[in-house]
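Consider the two complexes below, in which chain A is the common component and chain B and chain C are the respective partners.
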Partner chain A sequence: MSRQGLPEWLSTALPDHAAAPEALAQSARQQVETMGLPGLRDEEWRWTNLRPIHRGNFKTAPGQTAPSVTEAQPAEALPLDNPVRLRFIDGMLQGIPDDLPSGLHLVSLSDADEATRTAAFSPTPAPSADDPNDALVTLNTAMAREGVVIDVDASSVIERPIVIEWLDGATDGAMSHPRVLIRLGQSAQASVIEQSESVGDQPSWRNSVIVSKIAANAALTHIALGLTGPARLSTERCFASLERDARYHSYNMQLGGQVIRREYDIQIDGTGAHSDLIGLMMPRGKQLMDTHTRIVHAAADTTSNEHYRTIADESGRGVFKGRILVERDSQRIQAFQSSNNLLLSDTAEIDAKPELEIYADDVQCSHGATIGRLDEEALFYLRSRGLAAAEARGLLIAGFAQEVIDEIPDETLRYWLTERVQAQLGQHPDVAEA
Partner chain B sequence: MALLEIKNLHAEIEGKEILKGINLTVNAGEVHAIMGPNGSGKSTLCHVLGGREGYEVTQGTITFDGHDLLEMETEERAIAGMLLGFQHPVEIPGVKNIYLLKEALNAKREAQGLDEVDTFTFMKQVRELVASMDMDDAFLHRGVNAGFSGGEKKRNEILQMLLLEPKLALLDETDSGLDIDALKVVSEGINRMRGEERGIILVTHYQRLLNYVEPDFVHVLYKGKIIKSGDKTLAHRLEAEGYQEILEEAS
Partner chain C sequence: MTETQELEQLVQREYKYGFTTDIEQEIIPPGLDEDVVRMISAKKNEPEFMLDWRLSAFRHWQTMTEPEWAHVHYPKIDYQALSYYAAPKSQEELDADAPESLDEVDPKLLETYEKLGIPLHERAVLAGVKGANVAVDAVFDSVSVTTTFKDKLAEAGVIFCSFSEAVENHPELIKKYLGTVVPKGDNYFAALNSAVFSDGSFVYVPKGVKCPMELSTYFRINAKNTGQFERTLIIAEEGASVSYLEGCTAPQRDENQLHAAVVELVALDDAEIKYSTVQNWYPGDEEGKGGIYNFVTKRGDARGDRSKITWTQVEAGSAITWKYPSCILRGDDSVGEFYSVAVGNNYQQIDSGTKMIHLGKRTRSTIVSKGISAGRAENAYRGLVHIGKTATDARNFTQCDSLLIGDKCGAHTFPYVEAKNSTAQIEHEATTSKVSDDQMFYLRSRGLSEEDAMNMVVNGFCKDVFNELPMEFAVEAQALLAVSLEGSVG
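Moving on, here comes the complex of A and B:
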C-alpha cells in the first residue's frame, strides 16, 4: 500500500527553519513528507489510531502570544518544594528562571549552540529516519522550534525538582513539537517532572521528544503526570541512554487527555546500570492511553524493572506494549516486566503485549500480562466486613492503582497522587495514613 | 429469642443440592462446633450464611437476631452483627489493613447512629489488639492479607472480629493449616470473644481446635444434614473413633 504523505495542513506547516541543525532538519522534512504520519498498518501503531490528529487541522501557535495566553496557569498545583519551573505554552518556553541551584544549567533550545542542538537531535537509541514507526520523531526534528536543554554538572545533586509544565491548547487548535535535552554529568542526580494539561477545551496536539543522556553513576528521576485535557492529543517520545552504573527511574501517570501516546526507548549501555519504568493509565469516556516501551540491555550486569497498570472504564482504551531486548554479550541480566490491567466496563478495551528478545544465555527475565475484572472474591470479602458494594468496588479499584502509586519515591507527591486518583475514581480521599 | 435460627435449610450450587435440610439454633452466649468430613457441606453453610453469590436457597428459613437473613445483602448481615471468618482470607494488595479496619468499624458505627471513630481512640485500640494477636504494627500498613502466611491471615480474621465485636462470629475452618503456636493465639482470641451477648460457630475439620476452645454444643454435619448433636464429649468421641462409627450409629 502506498503511503499518503503528510496531511496537507501539516505539510504546509513545515517550517523553513527549525531548531535542529539545518542538515538534520532538512533531511527530516524530506523524509516525513514522504512517510506521512504513522498508521494502523505500522507495527508499533496497530492499536493506536491517529485519526483525531489527521483530521485535526492544527496550527503552530504564533510566536508572540497574547497576554491572556501567556498568563495561562496550570489548573492543578503539585505539592513540590521550591521547584524550578519551565512553562511551555503551546510548546513555547515562557522564560528561564534566574535563581538556579548551583550545578544546574538551563538554556532554551533556540539559544543553544550548534553542538548542543546536535546532541538534542541525536538520541540514543537512534530512531530510524525512514521508518514510519518513528515518523513522529522525524516530524519533531523537522518542526521543533523550541525546547529546553537541562544540564547538570558532574557530582551535582539538584534537590529542587525541575518541572516542565506543558500547557497545551491556550490557542485553539494549536500544535507544538518541542524538544528537550537532559544531560546528567557523572554521579549527578536530578528529578524532572512533566506536568501536562490543556488550558482550554479545544483540541490541541503536542508532539514532544525528550532526550536524556545519563553519564556514569548518575541518576535521573523522570515523572510524567498527564492531567486534565478533554481534547488534549499528545504524542510523547522519551529516549534515555545510560552509561555505567547510571539509573533512570521513570513514572508515567496518565489520568487525563483524549489521545495520549507515550513511548520510552531505553538504551542501557554501561555495566551496572538500571532502569525503572513504572506506569499507571486510567482511560475512560473515549480516551485512549497508550504506552510503548523498548529497553535494550546492551551491557552485561544490567537490570530493568517495569511495572504498568491500566484501569479502563466506560469506552476507554488502554494499550501497553513492552519490548525487552538482551543483546548477545549482555550476560547476567535481570529484566522484569509486569503489565496488569483492569477492565471496568463491557465497552472498555485493553491491549497488552510483552515482547522479549534474548540473545544472551545467562539472563533472568520475566514478564506477565494480566487483563481482568474486579475480583469477585475480594469484593465479597470486603462486603462481608460491612462495606457497601459500591464502596468495596471503589476500594478495590483504588487499591489496584495504589500499588503503582506506592512506587513513587517522593512521599508528598505520592500522597497527592493517591488523593488525585481516588478523587477521579469518585472515592473519598481519606487514605488511612493514621 | 434465638440469635440464629436455621430451619430446614436446603441450598444448591449450579443445580446441585449441597444442604439438605439443616436445622440449627444458636443462642447468645453459646459456642457451637460444626464438624464434618470433606464435602459434607460445611463451607456451603458458611457461604450461604455469609450471602455469597452463586448459592441458591431452595427451601427453609434463616432468622438472625430477628431479621430474615436471606433478605439481606452481605454487607447488611455484617452490619447487623454477623461476621464470617474466611477459610481462605482473600489477599487484597493495595488496600491497607488499617484502612479496611477503619472503614469496617465506621460502617458498623454509622448503622448504629454513631459518629465515625476518632483516629486516636481507634489507633490505640487497634494497636492493643495487634499486640494481643502477637502481630507486628507494621502489618497495619500492609495490603490486606497480602503476602501473609496462612497463620497471619487467620490471626487477621480474629483481629477483625475482636475489633468489630459481632453478635455472631462464624469461623469457617479458622484452625485449618495452623501450627500449634498460631492455633493457640487464634484460640485465645476466640476465647476472648466468648461472652453472654455473643454466639460463636466454629466450623472445623479437626477436633484439635476444641482442645483450646471448649464448645457448648457439637454437631456432626454429613451429606448436607446435621446427623448428630451433642456436648463436647461428642468431639472427643469423633477424635477417638473417627466419623465412621458416628455415621453408622446415626443411620
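Moving on, here comes the complex of A and C:
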C-alpha cells in the first residue's frame, strides 16, 4: 500500500520558517510531506489509530491571542512548593519567570542561539528522519516554532520544581508542536513536571518533543501528569541521554485525554548510569492511552528498571510497548521491566509488547507482562471481612494503582495523586455504589 | 473445446518457449510463471480444482511483497532462479515402486541418516523390515518415495499417504480442508507454497479413532538449487487423536536453499493432534556460508470443542528460520500448546515463536520457549497471544527464556499480547542470561570437561521442553543440541 502523504490541512500548515536550524527544518518538511502521518501498518503504531488527528483539521494557534485565551488557567493546581512555572497555551510560551534560582537558566526556543537550537533538534538516540514510525518527530522538527530551553549549571541542585503547563484547546481546533530542551550539567539535579490539560472542550492536538541531556553524575526527575481533556489528542516524545553515573527517573501518569501517546527513548551512554521508567495509565470511556518505551544500554555496568500499570475500564484501550536493547560489549547489565494490566470491562482492551533485544552475554534481563481481572480470592477475602462487593473491588483497584503512585518521590504530590486517582476510580459504577 | 483440452494446449504451447517436452524430466528449469504452475499441476495429474487453486494462489502471490519485519538478514532471493519441481531420479526410484530393502535405497541417503542418528528401527522401517512400529512417509526431495504401514493404518481407518495420492484418492477431503487453516493468500511464502507445492503428507483420522502408531515423516532436501515446497494436511475428526513426528535432514550444500512449507492441522470436537518437529537442516558452515532458508507456515485450527493441538519443536538447523507454529483456539474449552527449543550457533538466524488466537470460551494455551544463542547467532522469539472478545475465561501462560553462550551472539524477545475480554488471564515471563560461572565451576570441579559441563547446563535449561517430546525425539534432541553447540565453548 502506498503512503498517503500528509493530510492537506497539515501540509498547508507547514511553515516556511521554524525554530529548527533552516537546513534541518527544510529536510524535515520534505521528509514528512512524503511520509505522512504514521498509520496502523507501521509497526510502532499497529495498536494506535491516529484517525482522530488525520481528520482533525487542526490549525496552528495564532501568535497573538485574545486575553480570554491567554488568561487560561489549569483546572487543578498542583500542591507544589514555589514552582518555577512555564505556561504554554496551545503551544505558545506565556513568558519566562524572572525570579529564577541560581544555576537555572531558561530561554524561549525562539530566542535561543543557533547552537542551542541545533542541540534541541538533535536528540540522542537519534530518531530516523525517513522512518514513518518516527514521522511525528520529523513533523515537530518541521513545525516547531515555540518551546523552551532549560539549562542547569554543573553542581547546581534546583530545589524548586520546574512545571511545564501544557494548556491545550484554548483556541478551538488548535494544534501545537512545541520542543523542549533540558540540559543538566555535571552533578546537577532538577525535577521537571509536565502538567497536561485542556482548557476548552473542543478537540486539540499537541505534538511535543522533549530532549533531555543529562551529564555525568547528574539526576533528572521527569514527571508527566496527563489530566483533564475529553477531546485532548496528544502525541508526546521524550528523549533522554545519560552520561556516566547519570540518573533519569521518569513517572508517567495518564488519567485523562482522548488519545494520548507518549514515547520514551532512553540512551544510556555512560557506565554506572541508571534509568527508571514508572507509569500508570487509566483509560476509560473511549480513551486510548499508549506508552512506548525504548531503553538502549550502550555502556557496560548500567541498569534500568521499568514498571508500568494500566487499568482499562468501559471502552478504554491501553497500549504498552517496552523495548530493552543491550548493545554488543555492554556487559554486566541489569534491566528489568514489568507491565501489569487490569481489564475491568469486556469492551476495554489491553495490548502489550515487552521486548528484549540483547547482544551481550553477561546480562540479567527480564520482563514480565500480565493481563487479568481482579483476583477472585482477594475479593472473596474482603467480602468475608464484611465489605460490600463494590467496596472490595474499589479497594483492590485502588491498591493496584497505588503500587505505582507510591514510587513518586515527592510526598505531597504523591498524596495529591492518590486522591486524584481514587476520585477518578470513584466514578467507576462499582466503586461509586459503595 | 473442453477445459482439459485447453489446458493441454497451454501446456503444449509453453514448450515452444524453451520448456522441454520430456515428461520424464526430473527438474523443471528454473523460473516461475503461470506455465510452471500449470506444469507442476499437470505432472501430478491433478484435478482441475487443484490447478485453479494453485493459479489463484500464484496470482495473489504476484501482488504480494516479501515480508521484511523478521529479525533476520539475507540477500534477496531471486525467485526466478529457483527450480520449482524435482522428482527423484528414476534409477533410485525404481519406477516409483517403494524400495523393498535397504539395498535399493541410495547408500548416500542412508549414510546421511546414519550421521544424523536416525534410529535404526526407523531406517529399518524405510526398508520394510518386520517388527518396526513407526510408520514413515519419507519425502525425498519433493515426491513421496515410500509409504509404509499403510495397511495397518487402513485397518484403523486412518489415511496416511502422500499429498498427491490424497488429491487422487480423496479429493473430497482435500477440497473440504485444503487452505481452510492457512488460506492460499495468507502470507508471501504460504502463497508461493500454495502455487507450487510439489508434495507432502496427508493424514486423516476418522471419528473416534486413536491412531494406532506415531506417524513420522523425514523431509530432506538433496537436489541442488531446488526450493522445497511441502504441504502437510492433518485432519482429526471428532474424538480422534494422532501424534505426528517430523524430522528434517539435509546433506551439505554450498548454495542457500529455500524451504517454504505449509502445515495445516484441523482438530474437530474432542480431537487431539500432537505435531513434533526436529529440524536439523544444514545451517551453513562456520563462516555463515550456505545453509537452508526455512520459511515455514504452520498453523493448527482447534475447531472443535475440547480439542487440543500441541506443537513441540527442536530447531537446531537451517541458516535462517522463520517459523511460527500457531493455534487458533476456536472451539470452546480447546487447548493450544507450544514447546520449543531453538538453538543457533555460528551465523544462524532464528526468528521463531507462536501465535495463540483465543476465540472460544475457556480456551487455554501454554507457551514454553527456550532459545540458545552461541557463536554469532541471532535468536529471536516472536509471539502473539490474542484473547478475542468472545473468549470468556481464557488463560495463557508464556515463558520465554534465552541463554547466551559467548559475547558475539544475540537473544531477543518480541511478544505481542492483546486482550479484548476482561476475564482473560495472561501471564508472560521472559528472562535472558548466560551460563553462570558458578554453574560451570561446580561441574568442572566434579571432573566434567568444559564441553560436557556446558551440555549438561544446556540440557537442564531445555528440560521443560524435552519432557514434552516423544521418547525417541527427546534422545535425538539432546544429541542434536550437543552437535549444534560443538565448538561454542573453550
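In the analysis below, the second predicted complex is superposed on the first by the 426 of 434 C-alpha atoms of A that agree within 3 Å, B and C clash if a C-alpha of one lies under 4 Å from a C-alpha of the other, contacts with A are read in each partner's own complex, and residues count from 1 in each chain.
Here is the rule we use: contacts are C-beta pairs under 8 Å (C-beta built on N, C-alpha and C of every residue); 3 or more make two chains touch, one makes a residue touch a chain.
All values reported here derive from a predicted model rather than from experimental measurement.
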Simultaneous placement of chain C and chain B on chain A, clash or fit: fit
First, second, both or neither for A:Glu76, with chain B first and chain C second: neither
Which of chain B and chain C A:Gln402 touches, first, second, both or neither: first
If touched residues of chain A are counted for chain B and for chain C, the larger one: C
Which superposed partner A:Ala348 touches (first chain B, second chain C, both, neither): second
Partner chain(s) touched by A:Thr370 [first = chain B, second = chain C, both, neither]: second
Nearest Cα pair across chain B and chain C, whole Å: 15
Intersection of the chain A residues that touch chain B with those that touch chain C: none
Complex contact set, residues of chain A against chain C: 43, 47, 328-329, 331, 341, 343-346, 348-373
Chain A contact footprint on chain B (complex, rising order): 50-53, 73-75, 77-79, 83-84, 86, 89-96, 98-100, 102-104, 107-108, 111, 119, 122-123, 143-144, 160, 164
Footprint of chain A on chain C - complex, ascending: 69, 387, 389, 402, 404-434
Complex contacts: residues of chain A adjacent to chain B: 375-378, 380-389, 391-392, 395-396, 398-403, 406, 431-432, 434
